[in-house]
Amino acid sequence: MLELATVSLLNGIVYGLLLFMLTSGLTLIFSMMGVLNFAHASVFMVGAYLSYQFARWVGFWPALVIAPLACGLIGAAIERYGLRHVHKSGHVAEILFTFGLAYLIEELVTMIWGRNAVANSVPAVIDFPLFSLFGSSFPAYKGLMMAISIAMFVFLYVALKRTRIGLVIQAALTHPQMVGALGHDVPGIFVLVFAVGSALAGLAGVIGGFMLLTQPTLANAIGPIVFVVVVIGGLGSLGGALIASMLIGILQTFAVAIDYSLLDALRAAGIAVTRASPLYDFYSIKVATAAPIVPYVLLVLMLIVRPRGLMGKRDV
Amino acid sequence: MKSVAAAPEMTSAEPTPSWMTRSRTWVGAAAILLVLPHIPGLNADFGRSLLSQMGIAAVFALSFNLLLGQTGLLSFGHAVYFGLGGYATVHLMRAINHGLPVPVPLAPLAGAATGLLFGVLFGSVTTRRAGTIFALITLGIGELVYATTFMLPSYFGGEEGITASRTRGPALLGFDLGPQLQVYYVVALWAIIAAALMYAFTRTPVGRMCNAVRDNPERVEFVGYNTQRVRFVAFSAAGLFAGLAGGLHAINYEIVAADSVSALRSGTVLLMTYIGGVGRFIGPVIGAAVLTWLQASLSGYTSAWLFYLGLFFMAIIVFAPAGLAGLILMHRPIIRMPAFWRVLRAYAIAFAPALVMTIGAIVIIEMSYRLSTQPELGTRMRLFWTDIDAATPWPWLAAVVMIVSGFVVFRKTWPIVAQAWQQATTEASVAAGAR
Amino acid sequence: MNAMAKIPDIEAAPTALELCDLHKSFGPTPIIRGVSLGIARGERHAMIGPNGAGKSTLFNLISGRFAPTAGSIRLNGEQVSGFPPYQLNRRGLARSFQVTNIFPRLSVFENIRCSVLWSLGYRYSFWHRVDSLRDANAQAERTLEQIRMTARRDVPAGVLTYAEQRALEIGITIAGNANVILLDEPTAGMSRREAANAVELIRAVSQGRTLVIVEHDMGVVFDLADRISVLVYGEIIATDTPEKIRGNKAVQAAYLDSAHA
Amino acid sequence: MHSIFRYVPVVVALLIAAPAAADVKIAFIDPLSGGAATTGILAQKTHQFYIDAINAAGGINGEKIELISFDNKVNPQESLIQLKKALDEGARYVVQGNGSSIAHAITDAVLKYNERNPGKEVVFLNYAAVDPALTNEKCNFWHFRFDADADMKMAAMTDVIAKDSKVKKVYLINQDYSFGKAVAVAATKMLAEKRPDIKIVGDELHPLQKVQDFSPYVAKIKASGADTVITGNWSNDMVLLVKAGKDAGLKVKWETFYGGSPGTVTAIGEAGVDTLKQVTEWHKNATPDLDPTVAAFMKRYPGKENEYAYYRAKAMWDMFAAAAKKAGSNDPVKVAKALEGMKMPTPVGEVEMRADNHQLLQPLYVSTLSKNTKYDVEDSGLGWKSDAKVDAKATALPTTCKMQRPT
């Protein structure tokens, strides 16, 4: 039991950090620009594909740098030539623009790499067990993933709270005219923010691509969970995103280990439930079975108890 | 000082037409619905089935627009109410098949009731927030419901869904719903009733307050209304009509499966509504018809149809945020002006280079798709009645030349269009002044 | 058709609005530091003070936009502190905003009509046709006449001129027949002539109601107000008739200190 | 110069296929766009390949077959629309396989259509939808299945497991929907019958295509001490499970249904070598040499996206042509009657279309992903190696079908 608990905790932390990695760029863009980038998961997917492609051409380590940079450039282009022109039509139009973009990116990826998953396997340099815990090995690439995820948090935290440019960016969100009047290039700052957010998504894609499947449906597969994390954490809050990621990662992992259902609870309470009872299906769902929908349940509960999310400040 | 010239999409405060005009519009719509399935091309099973599907989609999209266009709420999970309404209806139909004495054409009422029930239930949670968070919550609830349909197979029937027969039940006025034509008329009747009710809803006090909440929720609080409550009422109403659409879906297909609550369907209704135009009541209907048709037919021509659809959607967002309805209706003030013909002529002039540009783009997209997804079919293909070989640089070069030259000429035509428009609007304002 | 009959019975209450030791802090920063004030029914009361004195915050507390940190607010004798804005509005309090706050995509007429619906008891009705509501339409038309915008009836509010939008702002505020009206800098940004028109409008519409106004233009203030309160650093340093305020040393000192006219 | 001749058969086939008089229209309704299109497009090519062969040999009863394709986007509703379109265009045969949900929708719609339109009956040829219900409680005369159903595959899989004395503890992990649950129930029942000493140490269900990280499940499998995992998972749920197992160093045998579905071997790669098993009616190394039609297919459709997978399509079209010949007519009712009980020899052994429930009986292979096989899949260097073969007759299971035939 202790073994399973320890391994589960480790798995939960790994999954939580993966989620954080996925959401960090999204949180950055939202907190700075107030734009919910629906295409974020798609940029993540592009990162996975680009790293696969570059790794084949120039090797893994260069790809780890080039792919995120390329995603950053793509992000900058999206902001400069697309989003900026939609901005005047309001937030709904912005969300819809990124929503449409997600559609297009999926098809573009299909056009370039085909419909099947590509063989984006873990490169040999990081494909070894880092250590062993109760007989379960822990692969090195997951260790790298954890390190990058934590590095992302530190980078964002320092960049936003401790540097001049970060303070200027935050001011640009609330008082664009004022910041503009002070001689800062506000549109330029927005391009930069979008580029950095996209580069973070791309970086997440490089590593996440190993854990998930690099195929055109990747963005759809992870999109919803990413958005759930940011809502639970409080949209735009970096700390909230981290806490929510870890919370979901650990809760979900431990839920998998629980083989009991409501049925057991009812029976333990002396209530007779048979197959003929209404909602028998519902009672007999084991917690483990429902584990992957834990985040969604958490989302609804959070809204009832604390509608602005864990660390949410602004009412958006 | 703000500009006095209104952008066309700004005037979404559609003036209420007179009683005569209104009743003429509705009678006209009903007449069109009556003859549509007899028009050559639509008078076979497939055509009628497509029309039925359009009608269902139109009700669904109109209900979505109660949220998006009327109340300013962007939902990514509207299919939940559609699907749950569909399940309720198909279960009622099963009961009818087993002897419950209710005519099948009334079964969608069960869908409407279920849609309302869940609209009230989930609405009480989701409408606590607005804007971006609201959008994300609806997304989450959609995922939750979708996952649940697989977990509770006794009600949702798992992956194969729930089937029922629409013909086994008491016939209403001699209709047994066997032929698609009868199904179409049931759909059309419900669709026009639902559209009229939704139109009426936008003209009630709470409907007006929905518009006010969309425009400025903060101010609404200072004229006595609780914005959450207004959103909640709109959400419940939207749930009701979505459920009705789901009920019609159940009658039309005699099967309801998990895909009916899926995120894909929620996304589709969003595309339909937005492409049609959120600012006009008729917008979602246009969007539903166009997208249903594209989905059913475009996919028969090219496997890249999703890509074209995405491009179309993006083009609407960037260039025509008022949607197709907005594009069409912005011509209304000038249609009787002498200069309208100049506008049409300018359109024709602009159309030619735009077409060249579009063909160039299509050639490139089709060749890329062929090379990446169907390499075995070889590089030779037939596009626009021309044999080309994607392995040679010529078609690519030609396509690029078409795009670039088309674009250059196209840009040159913009002033012509603008000038014609200018003249027409001047005439229109002079005419308005004379009146 | 007597719309006045809809106004709650206010005879029972001694004062229209009563603030008692009101406090508001944002984080550690106190903005309102113990404001007490009673405003009689039918009084026109002006609130003046240097920039940053907390006038807008005080308005936001009274109108329910923010909840006070401490203290109480009584509206027509009823304890209402912490109530949301819509509850206050239903109890007869309406306000305008310093930054124009209208429904831009609705027509001028719809803007006004939306503001009368609740006060006439239509609530969340989906069984009335809004165009057939004679009382609502009549009251909206009457308000349009009062603010002299009948000619602009069907124009979307978002395309009105600035002065027109300011007039509409006041129209929305008064349309619901609230008996306590708060106006936040109604003449801000207007030309002298427009401001004079606005003052006439305010004088007309505040007839028989309680008016609280924040205003920078001293001409307007002294012209309109029965009594004036001077707010400095979150505290009221004086409340009196215009003549006495003019001669008040403390007020003059406060205004000289902050170099504000 | 020889490279030109390589194209000769293709060109000839294309020329012959160019339908001068396409008389028998067959509607192919499967996903041709979007995420699920891989399998749909592959199946489309396979069917076209065999139909071209029939047409090249003179067609059926002097008439040519034309395959008309409809994109259903793996959506039941869209499938029914496309079905109506197909019927309007004069198709009397429908071919579909991707997704049991679609198959249920189509078989139900076909049954209703045939009831309501006597004389215009339609026959449904199902080449891949494996829900047992289709040939049991939901069976009807118009539906023929050419793939072994889930229970038959499970029977074959458990037969092989039963013979392996090293198997002591089995863990079941499946997707939480009707098919996954059916797999779990069948495995439990059959293992109890065949090897009562095997302990089922876990019976897990997880939501369909919602799990991104299977590590927690792998931890649980590990903790249970299982040596074998049985799973009906497909697509992401299958690949991610096996990959997570490899990451954690889990040493088990993966007994799967869909370990060999298109793209899976590419995605799993080395992680599956010697541990990943599948149950299929065929694999490249099932016979010592490649079936000549498979070799011809590979020549006509090169590339890893076109990895040949639907061997049962060969049996399906051979039987279809034979049935039409036997009936002496291309009328669906007559062809359907001729198909009932039909037997046909194939390179892997004799196959038979059961008359009582319209389920094809064909040999099944249990195979393991291995290195150094004669023929690899998807250019991965890995191929399938047979563990065991179950003869066609032995795959038959009792049916609850009460077939109602048209008079």
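Order as written gives the chain letters A, B, C and D; numbering starts at 1 within each chain.
The working rule: a residue touches a chain if its C-beta (ideal position, glycine included) is under 8 Å from a C-beta of that chain, and two chains touch if they have at least 3 such contacts.
Just so we're clear, the structure is a prediction, and the values are computed from it rather than from any experiment.
Novice: Spell out the chains that contact chain B while also contacting chain C.
Specialist: Common contact partners of chain B and chain C, which must touch each of the two, are absent.
Novice: Counting only C-alpha atoms to place each centre, which chain is farthest from chain D?
Specialist: Greatest centre separation from chain D goes to chain C.
Novice: State, to the nearest whole Å, the distance from the C-alpha centre of chain A to the C-alpha centre of chain C.
Specialist: 47
Novice: For chain C and chain D, let me know how many angstrom lie between their CA-based centres, rounded off.
Specialist: Between these chains, centre-to-centre, one finds 74 Å.
Novice: Take the average of all CA coordinates in chain A, do the same for chain B, and state the distance between these two points in whole angstrom.
Specialist: 31
Novice: Per the centroid of Cα atoms for each chain, what is the distance between chain A and chain D, given in Å?
Specialist: 36
Novice: For chain C, what residues touch not just one other chain but two or more?
Specialist: Residues of chain C never touch two or more of the other chains.
Novice: Among the residues of chain B, which ones contact at least 2 other chains?
Specialist: In chain B, residues 147, 151, 153, 304, 306, 373 touch at least two other chains, as defined above.
Novice: If you look at chain A, which of its residues touch at least two other chains?
Specialist: Within chain A, residues 114-115, 289-290, 292-293 contact more than one other chain.
Novice: Examine which chains touch each other and state the graph shape they make (line, ring, star, complete, other).
Specialist: other
Novice: Which pairs of chains touch each other?
Specialist: Pairs flagged as touching, ordered by label: A-B, A-D, B-C, B-D.
Novice: With touch defined as at the start, can you tell me which chain B residues reach chain C in the complex?
Specialist: Contacts found on chain B: 1-6, 10-13, 15-16, 200-201, 203-209, 211-212, 214-216, 218-226, 229-230, 233, 237.
Novice: Mind listing the chain A positions that touch chain D in their complex?
Specialist: 3-4, 7-8, 11-12, 14-15, 18, 114-119, 121, 129, 132, 135-139, 142, 211-213, 215-217, 220-222, 225, 252-254, 256-257, 286, 288-293
Novice: What does chain A use to touch chain B in their complex?
Specialist: Result: residues 30, 36, 82, 85-86, 89, 91-93, 95-97, 99-101, 103-104, 106-108, 110-115, 224, 227-228, 230-231, 235, 280-282, 285, 289-290, 292-293, 295-297, 299-300, 303-304, 307, 316 of chain A touch chain B.
Novice: Residues of chain C touching chain B in their complex?
Specialist: 63-64, 84-86, 89-90, 94-95, 97, 101-107, 110, 113-115, 117-119, 122-131, 133, 136, 154, 156, 158-162, 165, 172, 176
Novice: How about chain D: which of its residues touch chain A in the complex?
Specialist: Residues 35, 37-38, 41, 176, 204-207, 209-213, 215-220, 222-223, 236, 239-240, 243, 247-250, 262-263, 266-267, 269-270, 304-305, 380.
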